[in-house]
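Chain nomenclature is as follows: A, B, C, D, E and F, assigned in order of appearance, with residue numbering initiated at 1 for each chain independently.
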Amino acid sequence: MKDFTIGNEDRAKVLIQALPYIQKFMGKTIVVKYGGNAMINEELKSAVIQDVVLMACVGIRTVLVHGGGPEIEFMLRKIGKESRFVKGLRYTDEETMEIVQMVLAGKVNKDIVSLIQQAGGQALGLCGLDGGLLQARKLRTDGEDLGLVGEIIAVRTAVLEDVLNRGYIPVVSTVAQGTEDAVGQALNINADTAAAQIAAALGAEKLILMTDVRGILKDVNDPESLLQEIRRGELDGLIKEGIVSKGMIPKVDCCRLALDAGVRKAHIIDGRIPHGLLLELFTDEGIGTQVISDANKG
Amino acid sequence: MKDFTIGNEDRAKVLIQALPYIQKFMGKTIVVKYGGNAMINEELKSAVIQDVVLMACVGIRTVLVHGGGPEIEFMLRKIGKESRFVKGLRYTDEETMEIVQMVLAGKVNKDIVSLIQQAGGQALGLCGLDGGLLQARKLRTDGEDLGLVGEIIAVRTAVLEDVLNRGYIPVVSTVAQGTEDAVGQALNINADTAAAQIAAALGAEKLILMTDVRGILKDVNDPESLLQEIRRGELDGLIKEGIVSKGMIPKVDCCRLALDAGVRKAHIIDGRIPHGLLLELFTDEGIGTQVISDANKG
Amino acid sequence: MKDFTIGNEDRAKVLIQALPYIQKFMGKTIVVKYGGNAMINEELKSAVIQDVVLMACVGIRTVLVHGGGPEIEFMLRKIGKESRFVKGLRYTDEETMEIVQMVLAGKVNKDIVSLIQQAGGQALGLCGLDGGLLQARKLRTDGEDLGLVGEIIAVRTAVLEDVLNRGYIPVVSTVAQGTEDAVGQALNINADTAAAQIAAALGAEKLILMTDVRGILKDVNDPESLLQEIRRGELDGLIKEGIVSKGMIPKVDCCRLALDAGVRKAHIIDGRIPHGLLLELFTDEGIGTQVISDANKG
Amino acid sequence: MKDFTIGNEDRAKVLIQALPYIQKFMGKTIVVKYGGNAMINEELKSAVIQDVVLMACVGIRTVLVHGGGPEIEFMLRKIGKESRFVKGLRYTDEETMEIVQMVLAGKVNKDIVSLIQQAGGQALGLCGLDGGLLQARKLRTDGEDLGLVGEIIAVRTAVLEDVLNRGYIPVVSTVAQGTEDAVGQALNINADTAAAQIAAALGAEKLILMTDVRGILKDVNDPESLLQEIRRGELDGLIKEGIVSKGMIPKVDCCRLALDAGVRKAHIIDGRIPHGLLLELFTDEGIGTQVISDANKG
Amino acid sequence: MKDFTIGNEDRAKVLIQALPYIQKFMGKTIVVKYGGNAMINEELKSAVIQDVVLMACVGIRTVLVHGGGPEIEFMLRKIGKESRFVKGLRYTDEETMEIVQMVLAGKVNKDIVSLIQQAGGQALGLCGLDGGLLQARKLRTDGEDLGLVGEIIAVRTAVLEDVLNRGYIPVVSTVAQGTEDAVGQALNINADTAAAQIAAALGAEKLILMTDVRGILKDVNDPESLLQEIRRGELDGLIKEGIVSKGMIPKVDCCRLALDAGVRKAHIIDGRIPHGLLLELFTDEGIGTQVISDANKG
Amino acid sequence: MKDFTIGNEDRAKVLIQALPYIQKFMGKTIVVKYGGNAMINEELKSAVIQDVVLMACVGIRTVLVHGGGPEIEFMLRKIGKESRFVKGLRYTDEETMEIVQMVLAGKVNKDIVSLIQQAGGQALGLCGLDGGLLQARKLRTDGEDLGLVGEIIAVRTAVLEDVLNRGYIPVVSTVAQGTEDAVGQALNINADTAAAQIAAALGAEKLILMTDVRGILKDVNDPESLLQEIRRGELDGLIKEGIVSKGMIPKVDCCRLALDAGVRKAHIIDGRIPHGLLLELFTDEGIGTQVISDANKG
């Protein structure tokens, strides 16, 4: 019904308005961290898949890095696993890590691959173990041992380049190969951080973090107070002023990490908006908050 | 103003609805005969250029073959050239042929190239002389000599393949290299026919003829009586019944020629509809009349 | 200690004796079905990994297809899943299929990948969903619905070729993309059959099935009665005579399928022998039973 | 008749004497500015075409940049266009520019292409609009507006490289894409200057300017006083002394521009000598005047 | 002195007259059997080297197969080796074969390579052992064992293609790898026959045999009675009539062998004429006798 | 018999122990100087050929540089050539040089090529004349003219790269192209030095010199006193102390030359040990003495 209201003239107009953006991003690499509601809600999920397939279609080298917290929770509950905490932080023991790997690399990852294939795209599901993609050591925290939680010490981009060059969309689970103090063990990596480090290592054009908020709000209670663009240099001030909320700080850190490694722009977008990726990439206004490097001119 | 009425949700929807068509035509060759009002009206012209650039952007190997009748007329009048007729048919003498070549290959062709470049595309302007693209002899008519009017005896596609493979949109003027009885002379070729023969030689996916009518109408006086799809086998009957109008027969012959050489579909579309190319390619309904081979299944 | 007994002279001799075999298999494709004890026993597992890495090193295009029955059982028990049977056959419901996919594609597969990487090889873990590798429909049995158990209708080898050409060892879980009566569902495929069909589709040089028996024995109670070589034409007779045991018939069927599709040799080897793959490939005697096509000359 | 006097022995000798020159220039880029009598006289024209085809044949990457003054004059007269002058300088209005483009890119250019093809070569006719080859702005003169006359601000060599790499001889009309103060307009560029800038941008081995004089003469009245070689550093002196005639200064400026950008040698040769290009390239003596960089050693 | 008589105009003419021949043979393969006086006389030798370098320069894929009888004789005499005859035929024992191989592959071959390199060409000296180029068995004669004289059973062209594709002129000594009844032994092959078989295996455009006669003469005493062109079908008649002299029959057999395998033309030319290769290839008249296949049209 | 004692388990072990070494040298270039007893004794020779073929098989870019002193001596004696000495040094006259070239490039070289081919490898026999590989001048000694003995002034590696890239093992005779004071003459080059300079020019991973001694011995009378590893910086001291024997100094100089040009390791190994190359490359202990650069870490 509603479709009827979009006449052919308007359809053409929309396509043509997307043209300069398509030209702009053709051949560029964009790393998307996929997570939150957009991964749970079936309609949103389907929209993300379509967006990613379209991006690949118009020549954008798209890397999809995903999380999977809720599905891991669900499985841990199913096997009756009780979480163990160390000074308030969850400890990842071997049994938990096994579930994490199974759920992320076996279930969430391959389900996304399957959806992309069904939507006519070409996808290949990787985790950090494939081709040695993510090399990590145990996360260094202040004296606490969190078990098999890791931090990336090297991204071996060769496998991503190979996969992208052959025309596939790499879908990446953030399970890493342990080294140093964890040789031979798989380690769990925070997906936002992994996405940022992959974007950095690839010299990506953009890092896009899908979240469950509008972006960075000047007034956290006023969704209309969205900050559409922030320079990297302004981040510290915004954090100090409390404008960047506590929960948002890790996301902002990921943006900073990517920008400092040469990524041109980092975006925090609202995954609850259907086709948010397309809107961000192919319209003038975009959505969410973009953080640009201080030298950035456009 | 009007743009305002297309919300972001609808924009995304339009892009996504174009996706299956983009996937379908990626890497395929489409030959477009560009002419008529769409070449005169500035707004229509600009829309065609955008369409062609977008087509190239999403991986369609687009060949643009153009006419230029009105501009030739204008120039001939300017130099005070009077047309000579042989039994009612216009005779092309050397001076006229020189003007034809200058206007087509020097003016119309390069202006289109320039517009594509300004729209962010990559174009290269060719005529049938470049790389020996179009080899022709004098047109064989019943005993009449029409001067330097030719018919194609061979399309040397190598130059088109070279240009397409390097990522350019070839823009083609239909001036051919004379052979046989016209060695060393340039010959003027009907642009519709040339487009059909180029599509045939390239094994194109589609031939699209831009005209100044809606398509083939069941009742020439009723624009709503458009025949959206015709099988190749039905053409003879439609001509006999007079449904294909006299003026439309040469276009229909071009469609037939292309289909018989393995082109999958031939389209007669209305160049007066802005972005007609996009609408034909990227929407369900398409526009105009498509002629499909009898074996065609989709 | 024992190593000491192999002098340098003997070492060199062994390497040189392997040379003609290395030359013979260089650039050829060999599909290995990995399963049974060789996947459970840590020492055997480690030996298989080394063998596969060495094979890749000397230029053999090695594809590793794995099963994972025991690990699936273990996980199903862990979540308290009770098996449902239909006329004595196990029924695979959605929850079970989810576990199958998670364990195979997320655990077993990626663990093998990790071991290959640690042994200095380059591996990439795929399942039948990646790049649409395995297209399947529900298994056609006599009137019984076994749920999400599938049979392969097409192997899209492109993704394997891409991965092999870039120098990776593809490790394959036999979870397939459902089509026809199972669109959008993942289907579980018997790993032996999948390996045979992959070998057939790739036109492999060899299919090697790792089992927990010596091979085909003339007298099932006499391990010394091993049949080292059987022609394809002899298989029916051997089955009729009962020499091919009931449990061995599905393996023999896989060999037949592969040979009939042009694979040169199919091997049933004993996975309990350490480095059985190397011994089969790089020594005169080989191990296990090889089935060769009737036209085969060596 | 005369041919008879060249015996086979002498023929072989001539070919062999050309060998070291062929070896020297193989794979090198040579930009030829074609103009003057050599473009009007049919016999000379035919000789130039043969020379260029032979050059391409022996592996020289030959770029042919042409002028076309007389043909433009002729056409302007034909349409009764009167020239408008601004302080003694001709003003190029839009109608004139249209004729310039038509004649150069449509007539002169494509006629040369056709002759090369007929001589067995492979040519492709470009102007500065194709692939955005020549980017220009309005010529900056002292306060005078000369209309659509341009100066090049960038040569986008990609299109030339693409065309040369595919084995074509690019034939170039010097109509440029307007930018800055002339966006969207075609601008007329002096062909000598364009040739020099193209040679500079390509890092050519040689720039050869075909003129209607012997070269630079020590005594303008004594054709025997030809200066065969001048170092770049001597040019200023020669101009000051009046040895470089007023009419020759723009040519000398082109040589200087090319040399300063790294072109090894620039030649001013006499286009009235048949096969002057061959004689310059493939004989010891050469013809005309060559200007070499001060660092040049051979 | 004499050079002076060839004016520049004539030089240019000669080069231009060579153009159609250069175009004709570009990218084609020509196998030259080099031997006789042209290999002994220093001046002739130097001319052949220049011809071959020029041929390679203009894109002809030139293969030079050489003999070396006199140099072998000289060396055999030097070591005091007496020839042994079997029913009037010379027997090649191991010591003789060793000398043959040394002289051909070590002296004659590498000296030619060195001369080509000094003339600015790129050459690579091969014998039939390199890359297994020539596979042979002992020559089958009527009951007589001639020792290590062989006949070719296979030409492995891969090594020639590799060398030609990398831009080298392969210079070939006709020492072959023994197989069948001569495994592991080097065998001596008649150079004319080897050249013919190499031309056949490469699908060459031409085989040119350099001899010490004018060609095939109608009247052996009248050098003016040269037969310039013979069809393959006429050969038997000419032999029967005795016009092809006894000594010429093996050469004619080589021509026949090559033509029957698809080589377009075979030439018997006079190696005593300086630059005979160039004259044959690049002039209208050519020199010597050419044998063309019956189907040949040009 | 003895073979029987190496059971399958041990065979597999040996292969697997070679794996890390194979991985380490894959794709690396290793230059082997082949000479001494290993070239005379048939069994040793056969072992070297097998080693080289195996090296190539596992992806090592192997260059074999050979000497041939004894065979040259033998031939010189055969023709009754008496050596001429200049102040105790042998003088190489033209006749001697001819024999050197014949024996090295025609006999020794091509025999090695033939053996490699028979062992299933792909080899191509080159000398310094082919592709201008070795450019040399007369050896500069203190005032003495040693005739046609040369020293390398340039290694043109292009021909080696071409041959290696196409998959052949280049076998190199050290006859060089004379330049400077020896233009057009072939010069004899010391094979050890040539190997070192080739390794240097190729940026090889290793230079291996095969000798007739165990390596560098601390006590020349005690074969057990082998120095297994020496740093480049220690060489001067060892020479001064007399530990490096007089006869060994030229070999040590070659090692130094190679290391200083960036070769990672240089080895002096005992050619009298069968399969010494394999033992050096593919076992932990290696054989002989290795000289490593001071910066070397493994």
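Keep in mind that, in the parts below, a residue touches a chain if its C-beta (ideal position, glycine included) is under 8 Å from a C-beta of that chain, and two chains touch if they have at least 3 such contacts.
Just so it is clear, the structure is predicted and the values come from calculations on it, not from any experiment.
Undergrad: I need the common contact partners of chain C and chain F, sorted by label.
TA: none
Undergrad: Using only Cα atoms to place each chain's centre, name the chain farthest from chain C.
TA: Measuring from the centre of chain C, the most distant chain centre belongs to D.
Undergrad: Taking mean CA positions as centres, which chain lies farthest from chain F?
TA: Farthest from chain F by mean C-alpha position: B.
Undergrad: Given that chain D and chain E are copies and touch, would you call their interface same or different according to whether over half of its residue numbers are shared?
TA: same
Undergrad: From the mean C-alpha coordinate of chain B to that of chain D, what's the distance rounded to whole Å?
TA: One centre to the other, that is 36 Å.
Undergrad: CA centre of chain B versus CA centre of chain F: separation in Å?
TA: One centre to the other, that is 68 Å.
Undergrad: Mind checking the centre-to-centre distance between chain A and chain B? Centres are C-alpha means, answer in whole Å.
TA: 45
Undergrad: Just curious, how far off is chain D from chain A if you go by their C-alpha centres, in Å?
TA: 56
Undergrad: Can you list the chain F residues in contact with two or more other chains?
TA: Not one residue of chain F touches more than one other chain, so the list is empty.
Undergrad: Chain touch graph shape: choose line, ring, star, complete or other and state it.
TA: ring
Undergrad: State the ordered list of ring chains, commencing at chain C and continuing via chain F.
TA: Following the touches around from chain C to chain F and onward: C, F, E, D, B, A.
Undergrad: Along chain F, where are the residues that touch chain E in the complex?
TA: 75, 78-79, 98, 101-107, 109-110, 113-114, 117-118, 122-127, 129-132, 159, 162, 166, 168, 175, 177, 183-184, 186
Undergrad: Which chain A residues qualify as touching chain B in the complex?
TA: Residues in contact with chain B: 3, 5-6, 8-20, 22-23, 26, 47, 50-51, 53-54, 57-59, 119-120, 274-275, 278-279, 282-283, 285, 287.
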